[in-house]
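Structure first, commentary second.
The letters A, B, C, D, E and F name the chains in turn, as written, and every chain counts its residues from 1.
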Amino acid sequence: MKTMKYDKELLKDGKRIDGRGIDDLRDMEAKAGILKRADGSGYFRMGKTEAIAAVFGPRELHPQHKQKPQRGILQCRYNLTPFSVDDRKRPGPSRRGKEIGKVSEGALSSSIFLEEFPTATIDLYMEVISADAGTRCVALNAGSIALADAGVPMKGLISACAAGKIDDTPVLDLKGEEDMGGQVDLPIAMNADTGEITLLQMDGMTDIDEMDEMLELAMKGCEKVAEKQKEALMETF
Amino acid sequence: MDITEIEQRSAVDKIKKSERLDGRELLEFRNIEIETGVAKKAEGSAKVTIGDTKVIAGVKFGVGHPFPDTPDEGMLMVNAEFGPMASPDFESGPPGKEATELSRVVDRGIRESESLPLQDLCIEEGEKVWKVMVDIHIVDHDGNLMDASALAAVKALMEAKKPGLDGDEVLRDEEHDFDLKRVPIACTVAKIAENYLVDLSLVEEEVTDSMVTVTWTKDGLCSLQKRGNGGFKKDELIEIFQIAKEKTDELRKLIE
Amino acid sequence: MDITEIEQRSAVDKIKKSERLDGRELLEFRNIEIETGVAKKAEGSAKVTIGDTKVIAGVKFGVGHPFPDTPDEGMLMVNAEFGPMASPDFESGPPGKEATELSRVVDRGIRESESLPLQDLCIEEGEKVWKVMVDIHIVDHDGNLMDASALAAVKALMEAKKPGLDGDEVLRDEEHDFDLKRVPIACTVAKIAENYLVDLSLVEEEVTDSMVTVTWTKDGLCSLQKRGNGGFKKDELIEIFQIAKEKTDELRKLIE
Amino acid sequence: MKTMKYDKELLKDGKRIDGRGIDDLRDMEAKAGILKRADGSGYFRMGKTEAIAAVFGPRELHPQHKQKPQRGILQCRYNLTPFSVDDRKRPGPSRRGKEIGKVSEGALSSSIFLEEFPTATIDLYMEVISADAGTRCVALNAGSIALADAGVPMKGLISACAAGKIDDTPVLDLKGEEDMGGQVDLPIAMNADTGEITLLQMDGMTDIDEMDEMLELAMKGCEKVAEKQKEALMETF
Amino acid sequence: MKTMKYDKELLKDGKRIDGRGIDDLRDMEAKAGILKRADGSGYFRMGKTEAIAAVFGPRELHPQHKQKPQRGILQCRYNLTPFSVDDRKRPGPSRRGKEIGKVSEGALSSSIFLEEFPTATIDLYMEVISADAGTRCVALNAGSIALADAGVPMKGLISACAAGKIDDTPVLDLKGEEDMGGQVDLPIAMNADTGEITLLQMDGMTDIDEMDEMLELAMKGCEKVAEKQKEALMETF
Amino acid sequence: MDITEIEQRSAVDKIKKSERLDGRELLEFRNIEIETGVAKKAEGSAKVTIGDTKVIAGVKFGVGHPFPDTPDEGMLMVNAEFGPMASPDFESGPPGKEATELSRVVDRGIRESESLPLQDLCIEEGEKVWKVMVDIHIVDHDGNLMDASALAAVKALMEAKKPGLDGDEVLRDEEHDFDLKRVPIACTVAKIAENYLVDLSLVEEEVTDSMVTVTWTKDGLCSLQKRGNGGFKKDELIEIFQIAKEKTDELRKLIE
């Protein structure tokens, strides 16, 4: 969340700059099985933010000393393509990307039966093609589809979306301008079947009641995302 | 020294009985020591000891170009090194995922709470601003690096004096006031065996996958980061925010 | 999915009979799809699908200093990443020899044909020029990355609009004309078992060591790169140039 | 090939700026066995462009997973020394150097009986001491001498040289100013015994007839280079 | 030794800018056993220059091919923390740090019974917290304490300090301003029990007689340092 | 070619008898050849051969900003690469500890002796100065790289001509005088089996842990570096300084 000054109203008569209501998601698109070489793949788009994801594995983990005897591990790479942002991003891992890779592992690992793959790795690569806020959620949504498409045994799909606060009001799913001018950004990921929240980050000034409200919004958003993900997976059968 | 499975099991067994290996309450921090002025060349520095965990943070000022979208604001940079000195498990090299997450969580706690008076750090709009560089150096790792680092960073900033400037030359023997607007404090709350606990020791960290680092200022909650591979229900999270509020109020008394 | 020796042998056996595993003619491309506008933040972008091979190219404009020896010309930069998504054989990390060769061959095809109107990209002679940065992202690797990448790069450039400029600030909602002077198209021709063929699939690439990537514009041949460990007689090369001329004329129709 | 403006004639009355005719090579110098520690070594100079090369191996290839069970591999490193160019070159691999290393492997591998060294590597290091156009050809010429000097079993020497086009005329072996002001650069490498062309790169605008003409020129150049290389190798016996 | 112009007298009536005499060390502080996780640790301060050191090992050396069958090796890392100097130092190894790591290995190895640990490594990490001249000596002093604290079998403690020349006069233990304005910097390390000098570097213009004089000064300094180190080690028992 | 233990033992046995494997005196250098102008694009260059050890040094001039604390002085940079060509034990990659030590010892020998007329290299005070960049390229490693490198570097500097300057453009066909004020020469003296010796061959270097590189100018001793894991008594050092003085006087005759 950048501390930008914003000079226009982001909310007017309960409507947002793109006409959405407070608890509306942007339009979504989801696909499964879009790549040949990967063991599983997925695509997710939310407004102008889109990402593709590919899964390889379970496969042998190198170097060997990182292998865990009791269970497999999930390794996530999150990457912005150089042309996904306004000013070209230099290729290679950024600090931000490293952190998102780590929290993605935290978001997805508990939904996979990793104990079935001792010493192995499942590698998930997420590439953001276009970034207009909500990239980590969109990437996770693509990633979760890719894991299911790869046939990795899972306890449930992980679905992600962000709530936030603009003009002192909690809203769902910030788009670019809202993110720049917003007061709080709250991306979460959730197992929509169990209601368990597996990714939670928040930036900005808030309090517990407002958090409660924003979490409610975001959780409902995740449920809608889950439906879209399931539709995409159904289509591949 | 390797953390064995036996130790891990004892830790969990204790927690099940609402006890801890070292005799603490579940929501009790280990002994905390805070020492300032430890790095004599830094504009501000603090060493935080929590139990056997030791962290040093140092603040340096430099001069640079502002970002194009904030031409009248100074810049903040937070960096953490998990040097090989602090643990047999750490290796030399560029910051890994753990160190990157830590530095970014500390950074956001300070940045998002608008604690740092960035506008006061403008020298010449669009041309020249102060860069405030906080480096966190982990010295001894016995668990809870996150809270110790956040505490050290904010204390080092509170101690920092802004140097003078003559043209492009930084005059480091001058000391100008530089006051934080807020004091963000992080507290990491974990759930193990249906119990919440704070200030995890190294062995306790090994047995949990479910932690949230919560950063509070007096004026509100400013940053959250769920860490590890587990998950939480919403009601659990609300409870965790509340616990963290109380503990950060306690910690704040130690440094204000 | 591993390419086995059996597949390789079948591929060669077929080619000996002037046939191919997937039923194509020797000088026939797989199905080609070209989609533009795929990367919404890019000034121009194109996704090229050839069979199961998928490549996305995106063009970004930036502002920079010109090279001292060409003070009145903009700059072109072509970069390719063989990300780990596209193949189980690709690894994360800086571009290897393959990716470097690919990006340099695509770069030279555009540069040497003088396709890019570099003088139109001068903002202030000797001080400020546009940088045109083409990034090629391999998404799915099933052979013939070179031709797919060259096609995606030139199509993305054809689609690109130049942003506006206010001082040093790039105005990305403005769209100014930016037209290529020529359209360089690459075609890689291989020789396997005394037969020439184009658009090799992954398994076909495994069984040849002798390829030439030939880049043609309407106005002439602009770039050559023999690839792999084999060799060619001069007469074979002349024949290859001719084949590539015909195939690039076909490909050109798809994007013009 | 840089797109430089050139303001002087490069060709006048069939003579080039250094007095050479259209199909003349620059003066050449070749040596074999110039180093002690390497298993083989070579030196080649063409005008003001000069390079040294050293061969180590066949030796064990690390890391092991890169080993090929059926045959050895050739690994080439091409490097410009920092002082070989006008503006000091920063040490370390450049993109250009990486590409030339790769095409050098392509140029030399087919001339070596690699099947005699399963799992092994032959490492060829080429260092350009002075760069005045034609560096990849000169480096390859030194490299080929080094391979022979190392006693690596070979099907024939590889010899390299460039043709090009200046003032609309095909010529042999461009020197620095010609390269800067030229229209086409066409470096090739050839097995002079078989006429097989193993390196071929070309930059600039041309057509098939002109290519034919330039290839003829370059192939004749390679034959002269081959003689020089053989002389150098004879001297070491 | 930087070639700075200095505009004030560094020496007046036999007294230095901080009141010390020619052969006075700055005030010193030494501690042993300051860290929990390390196998041994030490702290040393000389005036405003201070360093901490940690020892791990003897432990297995990776990668294996660096192991020596007859003896263990000592690996030293010397690092300036980013906030230890006037202008923030970028993290990561500098050329200067690499060299000091190497000469530290040279200074300490001969005092350790490395033959008792074939194939193993002892890793010594030295971090300078505050740098006001003499950092390599202070780091070595902390490092030597850490080695002893780790129970590594040693032939004797290594103690380090620098002599130098200011205003044409040999003096002991330069502090910051003296180092900047000085003419010679001569850091040494010594086994105070045997008088063997195991680190010796010198920058600046001098001659043999002056070297003799400065070495005498520095050796006496090392003896005083050794006492301080031994006190610290005694306290931990 | 591997240096075997047998060779090492023979070397030591010889030295015990005050002899050497190659028949030299203990304090005798191998045959030295010095060739200049070897790198035609360098502003100065020298190839030094000592026995079978070969080193090339090249000097390039560039233009840059002066350091803030020395606004009227040019800049010196010395870099050494232990390229994989010179020894089967060298690997590609950034300079290791050995190469870093070597370049820094050569650098200090030149810098501390104030040999380079840094003030003559100022173009515009505080704005623009010449950078003198000395690159040392090890070609064949048969021992004593340090002395060979120091000799090649100083000889390349002695040969160097300063280019002209037109604005920011370096005119490399102009040649302006550029004279060293002093000629620092390094000599490394080792002690093996109670004997001092100079110019160690590779096998001799393998059997000693006690060397000092001593750099002398005519006007005095300017740099010292003890190398390896051994130690010396003070009296031994004084003797070593004396030996180095005599040998560097001899070497100086070869290049002045």
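Criterion: contacts are C-beta pairs under 8 Å (C-beta built on N, C-alpha and C of every residue); 3 or more make two chains touch, one makes a residue touch a chain.
Not measured: the values here are computed from a predicted model.
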In contact with chain D and with chain F at once: which chains are those? Just list them.
none
Counting one step per pair of touching chains, how few steps separate chain A from chain F?
3
With a step meaning a move to a chain it touches, how many steps does the shortest path from chain D to chain E take?
2
Furthest chain, CA centroid comparison against chain F:
A
Of all chains present, which has the mean Cα position farthest from that of chain C?
E
Determine the centre-to-centre distance between chain C and chain E, using the mean Cα coordinates as centres, and give it in whole Å.
57
Distance-wise, how many Å sit between the C-alpha centres of chain C and chain F, to the nearest whole number?
48
Return the distance between the CA-based centres of chain A and chain B, expressed in whole Å.
26
Round the ring, from chain D on through chain F, what is the full list of chains in order?
D, F, E, B, A, C
List of chain B residues in touch with chain E within their complex
1, 38-42, 45, 52, 54, 56, 58-60, 62, 79, 81, 83-88, 92, 94, 133, 135, 137, 139-142, 170, 172
List the residues on chain A that touch chain B in their complex, please.
1-4, 95-96, 98-99, 101-103, 105-106, 109-110, 186, 191, 195-208, 211-212, 215-216, 219
Complex contacts: residues of chain B adjacent to chain A:
69-70, 95-98, 100-101, 103-104, 108, 111-114, 118, 209, 212, 217, 219-234, 237-238, 241-242, 245
Complex contacts: residues of chain D adjacent to chain F
35-38, 48, 50, 52-54, 56, 59, 77, 79, 81-88, 91-93, 123, 125, 127, 129-132
